[in-house]
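Look for chain A in each of the two complexes below; its partner is chain B in the first and chain C in the second.
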Partner chain A sequence: MTGAEERDALRAWIRAHNPDVPPGEPADDTPIIERRYLTSLQVADLLLYIEEVRQAPVDPRRLKAGVFKSIDAIHATFFAS
Partner chain B sequence: MTFDLADTVRKLSASSRRNYQNPYESIEWPDEVDRAEWFTTPEFVSLHGTPAWDGLPDERRRELSFWEAVNFFSLNIHGEKRLMEGLAHRLYQPGLEGVAEYLHHFLDEENKHSIWFGTFCNRYAGKVYPDRQVDFPREYADGEEDFLFFAQVSIFEEIVDRYNLTMGRDESLVPVVRQINANHHAEESRHLVFGRRIVDWLWREWVDTWSPEVVAGIRAHLDAYVTATWREYYNPDVYRDAGFADPWATAREAWDHPATRAHRAAITKFGLRPLVEAGVVSP
Partner chain C sequence: MDAPLVDVPGLRWIPNGQSVLYGPLLELADRLDRRFLGWAADWGAPDHRFPTFLPATVLERIDWFRSFPQHATFPASLDADDDNLAAFTDGEPVDGEGRVHPTRLAAIRDVLTPAACYHLYDHHRGRRFDGPRYFTTRNTCFRRETHYVPLERQWSFNMREIVCMGTADEARTFLEKATADVDRLVAGIGLPLRWEQANDPFFRASKNPAYLMQQIDPTKFELMFDDRLAIASTNLHHDHFGRAFDIERDGEPVRTACIAFGIERWLSAFVHRFGPTGPWPDLP
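Take a look at the complex of A and B:
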């Protein structure tokens, strides 16, 4: 997957889990927690999806504040290395 | 707030004192366990009823049952950590002074349970599986956060108790696992009573003060909580340790399979019963 495809996959996941997200949202920099497009109860499920897409586990004990604040932040944390 | 849990608090506290346990003496710990034995009742293994389960030879099913037990005890540790944090936070909180006596017992007993779970995981697996849940701060209406806390505790413990009840009686399981489950079930019985009563009380105290949007939000949150709770039972870390080549696909396929959906639905029915009886959610 290219970086753009990974971002689109994350966007599609957010939309699939939140039918109320307006068309065209979320953009790469949309504050998805602030807008309630991603809730704390959905994070474990999202992490499993991220692990499957990148085919590598995530150590949730090492996550820092802010890693889920936007598509950009998620991508930079889990896919950009 | 009117307080009508005094009798429940008095009776449960007396029962906790009568049944007080030393956590270091209440379980017989063998030096090691044989992973060729059963550690989880087969029908409660997360893959049971799926093609992945059907294709496993008996010795790999037993090995998987070991890692499933490690996961069950790990998710209990994480659930109880959140529970203990929430209970400690609410000790002598204005409005909840009347339940403080029992919250002390609740905290004490949850800490003991975590000692059992942690001892099993560290002694026989050398690890506790990490927790994937993350909390984001958010705003709550008055009374909403306390209600959601105790409602979530009720759901979590009612689901766990169905597993404890079955596995505490399953003679095919290794004795140490049977004993942990049986002891946990015995102590949780009090917590379940308390959970049912306090959820009912807090709902009646607050529901008329909440807007329809807050009530709808509470129902949506609890629905999402049930899903998030069950997700932890389908842990790719378990499937990796049990030798599955693609643990994430295994988790996803197991989660989506009709047999596991039916299993979750049957147990969720018990898990939600206190909330149904209180009128919080529909049957």
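Take a look at the complex of A and C:
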């Protein structure tokens, strides 16, 4: 997967789990927690999906402040390295 | 760690986690609360005096019992059936070690207030706001703990809170300004304090999605005295209470935030910093 495809996969997952997300949202830099596109009940499921997409487990030590702030932040944390 | 405060004028410690305040220490507690009320007034926040009982259904709306069962304290009463009461009186109501021997209990439907602000969300259930709203309340709060320390870790204690209900921006602005107000005060009186990211004490935290969420989206900050004692906290709830209590702002679940002050803990900070008899600084 390319970086753009990974971001689109994350976007599609968020949209699929939140029918109320407006068309075109979330952009790469949209604050998805502040907008409530991602809730506490969904974080664990999104983590599993991230592991599925990256085909590798997530190191729990990476679960720090800000890593789920936006698609950009998720991608930089779990895909870019 | 400093020795527990027991020989402080104006304090009588009850070892089950409660304290009696009187004299100069009570005056200081009242002076601190007036300072907090002054900040509430700056927000136009009306004061509310709620009962100490909170219906269990209110906390069930936010899944509180599964998140913090270790802190719950319930008001219990005997089933009013005459035979049940007679069995109670015919037995040993209280034994020599102070343990009550109840007969059949009536259904428990309430919990003793664990945090002052919960009442406000229930009080405003179903409201539709067209602008930011600010409220304040103070209550005796109850949290069961494994051990207690005078003025610092009590089963019952006093908490003053100021709550914002508004948009996401209004909630954040409220916390920024409220934090700045506190910073100005503590800098002026010379208390060694700093803000620190914190987590709520969730039961079985690793299994609670709310705990994971607090890790990745810090919403709670505590004002630490001497790097060990949280005397205040700021909390951003996003739309948690707005959804749970059906409170809306312009058609959307309201965003809420609060700043909370643990009054006995402020007393502890003052006594440790300035001595048990003062002189304690003015609170401009």
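Everything below uses one rule, namely that the second predicted complex is superposed on the first by the 79 of 81 C-alpha atoms of A that agree within 3 Å, B and C clash if a C-alpha of one lies under 4 Å from a C-alpha of the other, contacts with A are read in each partner's own complex, and residues count from 1 in each chain.
What we mean here is this: a contact is a pair of C-beta atoms (placed from the backbone, for glycine too) under 8 Å apart; a residue touches a chain by one contact, two chains touch by 3 or more.
Just so we're clear, the structure is a prediction, and the values are computed from it rather than from any experiment.
Touch criterion met: A:Leu63 reaches chain B and chain C at once.
Touched residues of chain A were counted for both chain B and chain C, and B has more of them.
In the superposed model, A:Leu41 lies in contact with both chain B and chain C. By the touch criterion stated above, A:Ala9 is placed in contact with neither chain B nor chain C.
In the superposition on chain A, A:Ile33 makes contact with both chain B and chain C. On chain A, the surface touched by chain B in one complex and the surface touched by chain C in the other have residues 33, 39-41, 43-44, 63, 68 in common. In the complex of the two chains, the chain A residues touching chain C come out as 33-34, 36, 39-41, 43-44, 63-69. Across the complex, chain A meets chain B through its residues 33, 39-45, 47-48, 51-52, 55, 57, 59-61, 63, 68. Residues 168, 197, 209-210, 212-213, 215-218, 238-239, 253 of chain C are the ones touching chain A in the complex. Against chain A, the residues of chain B that register as touching in their complex are 130-136, 138, 221, 224-225, 227-228, 231-232, 236-237, 240, 248-249, 251-252.
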